[in-house]
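Per-chain residue numbering starts at 1, and chain names A, B and C are given in the order in which the chains are listed.
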């Protein structure tokens, strides 16, 4: 009965589309893994896929801040930069094992996220956006002026430790962690803040603590993504982390839908692969990007998925709004437990 | 001691020249924000378009300075109105974040079209006023600084007159206070918003031409940093408050010049944002703004 | 024992005094009303009590503990919940989620527990699920549990907001104009509901209301606020016959 309702609400066509996307994703994931493992996918394409995984991490983590908690951050590139430089230096100077380097990069980014978040998260909406943008720019200027980071010349000679598989594992872990956070009481507290901060506070939710928490977790994963990026490119400089970068991540999140994890994943893949497919028109890439952004806001400001997840469109999705910590339990209750 | 004083005054003079440019750009931000609560991210790019229009008016149309300035202002005003019509007006009733993202999109679009059309390399702005320097009590002042100060001051006086002593100015203030009430009083709110965008964009274009004259070079990305800094100036002065934008612009200009004099020029872009974060945390309403309280 | 004790509460905004030397004692099981003309400072009193505003001066004690200066969430966690004059539901969430979120602070599992999906997570989530459904049934909202909150009719939204406040497990409930925008029939239903909820959950209720029938029918005691000053306090009967009140407030309606 709920299935019928879903069909009526989304239309049979969308349900079919959702299944196509889901099947494609599963088959694609398998094929790509086999392809990379066998060496059937060449070096260049593998590089694109690594970037896709990194963008997924960036988008999903930014979504936790912007989409689920409703705190508009434009500083994600700043955290990415912190992770990239910290990890790069650790590898170059100390040559620590890669997983340790990744974790430290994440922790330091989280710490800086905490430090930035505590004062700035008092700000709302566009003011917070501008303050976080300012933070990102300050990070960039600091990197430009420090000796140890190589200043404007950048940091080179970072060992290429990021592989397709390491990026994949980190991305999958990111998705699982953030999904599990969102589908818990802690995640519902974040969504409550997005919906109405004052009411959330009145319901006993420590809104400051949760905003800072979301911000730090998002920052941590941005830092890890930055570390993967550094060990993939082998060279980083402050120009890789301008606020344009933050906006590219934002575009992914908005396109996928603020508050939809699967939306972020799909959008990250599309927006990583698409420019590669249109490589002949490289100079139009940013024009297309900006038109996409404007068009999206005018036509479908909620993004492709809105706050829904792919599985909500498959037919057995029950609750319409996130979070749906126990959608399946609700289903069984509905089916058998009606008195 | 005298030398130090002279040095400080010299930097103040330089800072005020730069600051009056920030102030001109900041006025557009503040007016638009005051009226529709939107950070018009594309404002810095309108300033860039103004500079390029002035450039082409002088080099291709062979216009002298003042007519070229006028052409740049008119073109930018039209562009501002068109952007508002096409991109912002349809979103007036949606969330502010959606409008902000759209504004970012418009900004990127203008930049990238300009990059395609005019190439990323900087161009030399024609030498409209051959450099001439004057020395007063050991302080150097050049004719370009005088032009900037003169034009900026004149435009601000005109703006002040328009906002305070004309019908349209009164309508603008009414819409800024309460657009719904203004509508009920028979004010054509859409028209007022269009005119606000036109005025703000024209001022930004004037700033663009002045910068071209001052630094002798323009490029498609020139609007990004000054745009952000002018926004910071508007916030610093108290967003929505016109005298605040002027004050904020001057403070920003002076602060930046001082940092360059004391530290290194590579730090100057961080100053603006450091000021921004501090002001947002200490006095979020800005220097001249009024504190408001969220209604429960 | 007095649950809530307010002494000399004063709230100023700039030079404007919104509430002056407000005093109140709520005893276990009381149901007290706060009335007064528009702009008299009633909601300001609520905002001070719930920590939304920090009072300029005065003392507020809940269960003999000073609460002025605490954050709203801390006060809610101590056992005082509120509703809002202009209904502040989580509009885009389901009826079910609106209630479920209010159980948040009663949840004990940690973030790590949620990330790793440890047994504590599952059992507590199941518990909350049951409690939420129970509350929905009590308030007759169970059939609309999957409906988006903003799609509910106005009266149901008010009901949902009260149910949500109850999910936060309060001993003191503050209701800000619960009958605003309701027709006489709905108001009558609401009056019964408040009385019933109060008895069922053993609550102490403090409410702001414009609707005289609701206040007079429900409250044991009434305070009248005018320009921030308490001009009268007493039983409904005493208030109805108080000259100052009739002049300041009821006068308008009597005419």
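Just so we're on the same page, a residue touches a chain if its C-beta (ideal position, glycine included) is under 8 Å from a C-beta of that chain, and two chains touch if they have at least 3 such contacts.
Keep in mind that this is a model prediction, so the values were computed, not measured.
Path length between subunit A and subunit B in the touching-chain graph (shortest route): 1. When chain centres are defined as mean Cα coordinates, C lies farthest from subunit A.
Of all chains displayed, A has the C-alpha centre closest to the centre of the whole protein C-alpha set. With centres taken as mean Cα positions, subunit B sits 34 Å from subunit A.
Between the Cα centres of subunit B and subunit C there is a gap of 48 Å. Chain centres here are Cα averages; for subunit A and subunit C they lie 39 Å apart. Along subunit C, residues 52, 84 each make contact with two or more other chains.
In subunit A, 198 are the positions where the chain touches two or more neighbouring chains simultaneously. For subunit B, residues that reach two or more other chains under the stated contact definition are 296. Against subunit C, in their complex, subunit A makes its touches with residues 177, 180-181, 184-189, 191-192, 195-196, 198-208, 213, 307, 318-321, 323, 325-326, 329-330, 333.
The residues of subunit C lying in touch with subunit A in their complex are 50, 52, 71-73, 76-77, 81-82, 84, 88-94, 96-97, 100-105, 107, 109, 111, 114-117, 121, 124-126, 128-129, 133, 146, 148, 164-165, 167-168. Within the complex, the subunit A residues that touch subunit B are 72, 119-120, 122-123, 125-127, 129-131, 133-135, 137-138, 141-142, 144-145, 152, 198, 244, 247, 250, 254, 283-284, 286-287, 289-294, 297-298, 301.
Of all the residues in subunit B, the ones that touch subunit A in their complex are 39, 87, 90-91, 94-102, 104-109, 111-113, 115-116, 228, 231-232, 235, 264, 266-267, 269-270, 272-274, 276-277, 280-281, 284, 294, 296.
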